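Both complexes below contain chain A, partnered by chain B and then by chain C.
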Partner chain A sequence: MAEPAYTVASDSETTGEEKSSSAFPEIAIGIDVGTSKCSVAVWNGSEVELLKNTRNQKMMRSYVTFKDDIPSGGVSNQLSHEHEMLSGAAIFNMKRLIGRVDTDPVVHSSKSLPFLVQTLDIGVRPFIAALVNNVWRSTTPEEVLAIFLVELKAMAEVQLKRAIRNVVLTIPVSFSRFQVTRIERACAMAGLHVLRLMPEPTAVALLYAQQQQQDVHENIGGGSEKIALIFNMGAGYCDVAVTATAGGVSQIKALAGSTIGGEDILQNMMHHLLPDSEILFSNHGINEIKSMGLLRVATQDAIYKLSSQNSVQIDVDLGNELKICKVVDREEFEEVNRKVFEKCESLIIQCLHDAKVETKDVTDIIAVGGCSYIPKIRNLVMSICKRQELYKGMNPLEAAVCGAALEGAVASGISDPFGSLDLLTIQVTPLAIGIRVEENNFVPIIPRNTTMPTRKELAFTTVRDNQTEVLIVVYEGEGEKVGKNHLLGYIKIMGIPPAPKGVPEINVCMDIDASNVLRVLAGVVLPGSRHPAIPVMEVRMPTVDDGHGWCAEALDRTYGSALDLVTVQKKI
Partner chain B sequence: MPVSVGSICQISVPIASKAQGHFGTNKSMSRWRQRSTVIRCYNRRAEGRVRAGKNYYDLLGVSVESNAQEIKEAYRKLQKKYHPDIAGQEGHEHTLMLNEAYKVLMKEDLRRQYDASIDQMRVRNGTTYSGLAYSAWKGPLRPQALFVDENACIGCGQCVHHACNTFIMDEALACARVKVQYGDDEQKIEVSVESCPVNCIHWVDREELPALEFLIQPQPKEGYGIFGGGWERPANVFMAAKSFTKKLKQQDAMEHHQTRTTREEETPAQAEARANASRKLEEERLSRIWNWMKEIFSSNMLSRD
Partner chain C sequence: MWKNKVWNLTLLSTILRRRTTLLSISHFQSNSTSHFPPAISRTSNFDFLGNSNFPGKTFCSESAEKSHVHVRCWSCGNVANGSLFLFCDSCRSVQPLDQSVDYFQIFGLERKYDIGVENLEGKYKDWQKKLHPDLVHSKSEKERGFAAEQSARVIDAYRTLSKPLLRAIYIMRLEGVDVDEEETLSDPELLSEILEIREAVEEAADSRELNQIQSQMQEKLDHWSNSFANAFQCRKFEEALNSIRRMTYYQRVNEEIVKKL
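Moving on to the complex of A and B:
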């Protein structure tokens, strides 16, 4: 592999929160790295300002091309033509690939992209490569993201005339903690320190809170609580949040998220237009890549047009005597993507249910993200909430980055004389965190949608007499069996004083702070004693840092149920 | 069972704060110790609720009768002050408590349970005046007694150093208190009174002692308090004691006047049992720190009455 064009400023992925102690706190910038587009915003002292690149664009394509051995990203690079991005030399959609193993369906669906995504289906990282001078040059999503972030950083530094270190990034709700570490890793590689990672809809919620706050300032009164449903669907992910807002405080009530997005809609359409496209493009020859690119661009165009017109004529010559000439109408489009829309609906319903909010109590419905332009999406959001219209005060593509910039200013300790930064988001955990107990069951310790920061604990005990060791395996997710959840790490406790089964009390405590750092503590207490029998273990998670599927299997193979735990009966 | 929750949580507080003091150098470690010691002490179900040792209503600065809306507003206001996004990492612990308090008070069933548990706590805390002093006596009763004005006390620990059988430090409140009247010989007591840099150790009449000791205890404040004023005690405890005893006398007189209350019909045996019970509770409360003092306690128990 060629020498990377960036330097790794910090290899430690888990550096703690360091609030800048200087007298003039550096304002953290907000970055929204979308699956397809990216933007940067910063609090300029009186309002949020979106930064533009040299070509005067606020929204920059998220990709990196490896042409001529020097990678260049969508911030500075000017594509001569859309097809250049689809020649195989450009890597994009990294947000969908980052932190995923090759058994993940999302990785599999990325195989039809012009660059190379190879899988072995055994739970390791997928092989990702860009075509450079007829050579497949391997890379990783982290590297691609880091190169892209370096460009963004350089752009912001030139415009703001200062060094940039602290950033607030938006992430999808459905990101696992492992994926979050990959994002942090990419930031560290780019020399950026992640001050906060905000789930995208919560960034939107913060912007909403600020807008409501300003309205209150302008017309006295009416500062009562407002409940908003935020639906955010971009190219890669779909997120929903319910927030209660009053006095500049946005209190997230529930989050729900999934890996469906515009990319799925696009692929469904491509498949609809050319049913055997996957087989056709699977061997990634030069000609196939070209045809694939042509199909992709044509389909994308058609989807855009279907947002404003009822039918569209698709006319594309893919070469190799393969021509597509078809009229697609909106109904057909909606039928092809029925499953995607159904998933969107179920996410909204689930989120409202988790938040314990009735649709009649919802004040505003906010739909943002690229997919919010699709009429079907707008209709389904409105019909679930039984409303005639959506909230109008936001630019659907800029809302998340503006919220991130606000959070950047708030978390950097900036205050505004006019009270525009008198804001706060109270976050919740998007996924449950718990441990494995007997027979691979998953016992959540911190349930989903728990207000952060939080600290919870549960007591467990041994399953065998004189069991001196236990393995506490920490998982994140919603599955009842650990196999469906993400492994975060493990703590092995040794030297438990011999005692009959069920006697030693193993306390597992989990602590999540406001910057979403998870600490797991485990201690053993014997009856009649008030002090831990052996030193307490404290571990920052996630600690597992490779193909997590493998690691879980290896743990199971080596230790099996020998080091199991059971929950103490008196569960809360 | 709420009853056990109430009584036991009192034990956990001083221990926890003591542990914090000892292991204060390592924050997370001490945090764990604090937690783990507490865990053993009480019913697990009550764990989160009484951990803080602080009334949730006081924490949020709302009245016991406040509705969900008021709690919500108070919570948000406090979050804006203490959330780590604003207050930095130092706000972490406090925000944890706010979140816990909010969660409990916003859920009807949890709140009902909690209300029941604090009612118990309040009784044990001595919110109801028993007419008995908190400190025990060593040897015969004397006309004068020692009293620490905890408002003035700076928690220097000099008195405990000089007369460790008489004074103790209340680690939770960071001030000294008389545990046993004349627990040490007179010379030691003299030195300890002299050594107090703020002159907060007073000789008072024995009759005044119960009222003073009752009033100096921080009482959970009800009504619409501002946060931080969750616990209160009179600024001038001596003045307060005077008016308090006066009020008591008036009340007594009233009761005398109207009907003969059950209290007066109490037999001497009942009174003794009651005194013993309250003594026992008192003992339990600090027994873990003061195991070694138990002998003195029991030898003095009867001499008081």
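Moving on to the complex of A and C:
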């Protein structure tokens, strides 16, 4: 109690939300920043149009090269050869690295990339560096993403002949709110204002809603309801959504997602071809980087070929007397990646379960993203849904960005005389948000798949007699133990009037508003009183900063279970 | 309000007690103009604001004195043609929240328990297309606030009406009968029945057994839902409350099963 009053500053460095109240004359563009590739689309007044770079590409590689003084990204840069990207000078896969700490398994699996990903395994942000003239030049995923976004912005400005400020970006379902703030930060660094962040499959759902709307035009009041299952798997992430669509309104029923994608498939295959590759490449010498690059390209080629043929011959000289000469067939490929495919299946099953939808009620099955070309993926999606075919109306690589562009137009207040923009997505929370209670258990306050905006609350109480302080630690995720979830922030409540354990009521309320801003409120009430014993605390979350991985541990070390609380809610 | 204090409950009822209804933070913040935009309006949060300060009775008298037939649009001044006025058809502006409009009116339904749930979703989507905050992003701060409140209320209305138990509690409150969701279980027969089922759920060996219990619960829920409908129709509110009590407990067993499945 000798400590100064606990104050919490809200971290609003990353959002310019309040500034957005002015009218937008401009139409926000949609950007799909993929782990591997990236695209931009915009509503051109009558339809969605994908923008092309000067080399006439709609899909641009997501990377930034630090070769010269000025870094250049995959939008403007022309690679002389694929291997240039793998020379150590280019940083890519930033979407897998952004907002993660160095204890994260996803960061660890990125150590086999040609650039430097160094971890100290203590919960700080990893050290990421590009090799420039034999010097490891450090950078951050936010910086790399910002450089890339600046190029995309410049490209769009040249083509649309206007300044671009507002964007709708797609993000993976499994992104935590902390990761979202990092994306917003990168956008702010690039001079972009994020109008909306859409989970990728919900962007696809919006495109689907528009297509259905066009099919049933004239039917005012909105045709019959259609339920679609959307499976989206790219290089970095796998996402699933179930949406119920009628009259241009897409109500998201459930979301599920995981950090699993083409990159994992690629790494599994590399490991299969060269079992001790991690050890061989661990010291990141010039020659090792080159070998690693060669192996990566050869493996990638083989995976592409296995989508259309039954077996493939891999023949690659990695230097240092290392040669790989092997025939791999599809069966072997599927066995090597069995765990990846099982995870995909479990995500689909979970999503259908959460949506309370039977497979027979699903009208359309939509599979998009680069991995949807893999035969095994297509088959597993169809077999879970007991269908013979997938929805055909979409380009698997362009669906998400088209949806983002539609949302950009709708959110900018643009209307279309033909009703093509008469659309709406009703979003749900992709992950549960709750707090830590006794024994490191996680109690959700806002469950996942809750329609937004929302406000929920639960009551908790003390675990010790005369306990005057409690620590409310807020997490996001699905784990039953907090250790598996993402830390968002904490509130310490002090000055609880002394009372036997279980008597004070500590109410924790969580509010997600229309702009998807999360606020956590906490107050204390003693029995017999209608008024809070101490002022209510209100904190905008996430409050944690980079390198927050050690926070939970530090809290544990300092406070142990002394400030624990326990839920009043009894389960029956 | 504190008649069921945490520390003087019997052990059994402590187990059975589930605090979904709690002192609301918004309740003790209600004097100060709220610091945060009310994503969901206070009075509509029956599920967790269902404590005794809920203005169930006032709510009724409010809807009884529905006198604002000549409401004008705040934006264009157009006179609304009816009491239900969430959205101006003339200038397409979202209107301020009107608490006197009940959930049944929002969905254009007669105020009765037996409603066709199938048609709710369509109407819900129609409203969201007019009221959702995403669609007024470029409008004034004021109208964005209206949209957030209206849209949240329609979400609540949809959720309440589509779930039999929530709908039963709501319609009782509209009649001025308060449902104490915190009340402890005093009927020994029901208590032992629930404990037995609970034990069965805990000891269930596999999902097949759980599914079996679940379908039994569903049967009971349907049965008590019908009883409620009859009792409510005859305005036998004690009986209706009893049905709600039953439904509440069977519903919780179901939730527990879903968690385990």
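In this text, the second predicted complex is superposed on the first by the 539 of 572 C-alpha atoms of A that agree within 3 Å, B and C clash if a C-alpha of one lies under 4 Å from a C-alpha of the other, contacts with A are read in each partner's own complex, and residues count from 1 in each chain.
The rule we apply is simple: a residue touches a chain if its C-beta (ideal position, glycine included) is under 8 Å from a C-beta of that chain, and two chains touch if they have at least 3 such contacts.
None of the values given here were measured: they were computed from a predicted structure.
Colleague: Superposed on chain A, are chain B and chain C clashing or fitting side by side?
Modeller: With chain A aligned, chain B runs into chain C, so clash.
Colleague: Please indicate which partner A:Val503 is in contact with in the superposed arrangement: first for chain B, second for chain C, both, or neither.
Modeller: Touch partner of A:Val503: chain C, not chain B.
Colleague: Thinking of the overlay built on chain A, is A:Thr461 touched by chain B (first), by chain C (second), by both, or by neither?
Modeller: second
Colleague: Would you check which partner chain A:Pro71 touches, where first means chain B only, second means chain C only, and both and neither mean what they say?
Modeller: So A:Pro71 meets neither chain B nor chain C here.
Colleague: Report for A:Gln251: first if it touches chain B alone, second if chain C alone, otherwise both or neither.
Modeller: Touch status of A:Gln251: both partners.
Colleague: Based on the superposed arrangement, let me know which partner A:Thr451 touches: chain B (first), chain C (second), both, or neither?
Modeller: After superposing on A, A:Thr451 lies in contact with both chain B and chain C.
Colleague: Touching A:Gly30, do we find chain B (first), chain C (second), both, or neither?
Modeller: neither
Colleague: A:Gly261 contacts which: chain B (first), chain C (second), both, neither?
Modeller: In the superposed model, A:Gly261 contacts neither chain B nor chain C.
Colleague: Touch test for A:Arg519: chain B only (first), chain C only (second), both, or neither?
Modeller: both
Colleague: For A:Pro542, using the defined touch cut-off, is the partner it touches chain B, chain C, both, or neither? Pick first, second, both or neither.
Modeller: neither
Colleague: Please tell me which partner, chain B or chain C, touches more residues of chain A.
Modeller: Looking at chain A, the partner in contact with more of its residues is C.
Colleague: Select, from 188-196, 224-232, 242-250 or 296-304, the region of chain B that bumps into chain C once both structures are placed on the shared chain.
Modeller: 224-232
Colleague: What residues on chain A does chain C touch that chain B touches too?
Modeller: 196, 225, 246-249, 251, 410-411, 413, 422, 424-426, 451, 453-457, 459, 505, 507, 509, 513-514, 519, 521, 523, 525, 530-532, 536, 538, 568, 570, 572
Colleague: Residue numbers of chain A touching chain C in their complex, please.
Modeller: Touch list, chain A to chain C: 20-21, 23-24, 195-196, 221-222, 225, 244, 246-249, 251, 410-413, 422, 424-426, 451, 453-459, 461, 500, 502-503, 505, 507, 509, 511-514, 519, 521-523, 525, 527-528, 530-532, 536, 538, 568-572.
Colleague: For chain A, which residues count as touching chain B in their complex?
Modeller: Within the complex, chain A contacts chain B at residues 17, 19, 196, 225, 246-249, 251, 407, 410-411, 413, 422, 424-426, 451, 453-457, 459, 505, 507, 509, 513-515, 519, 521, 523, 525, 529-532, 536, 538, 568, 570, 572.
Colleague: Which chain B residues qualify as touching chain A in the complex?
Modeller: 15, 28-29, 32-33, 35-37, 39-41, 44-45, 47-48, 69, 72-73, 76-77, 79-80, 83-86, 88-89, 91-92, 95-96, 99, 102-103
Colleague: Considering only the defined contacts, which chain C positions touch chain A in the complex?
Modeller: 1-2, 5-7, 14-20, 22-26, 28-29, 35-40, 45, 48, 53, 121-122, 125-126, 128-129, 132-141, 144, 147-148, 151-152, 155, 159, 194, 198, 249, 252-253, 256
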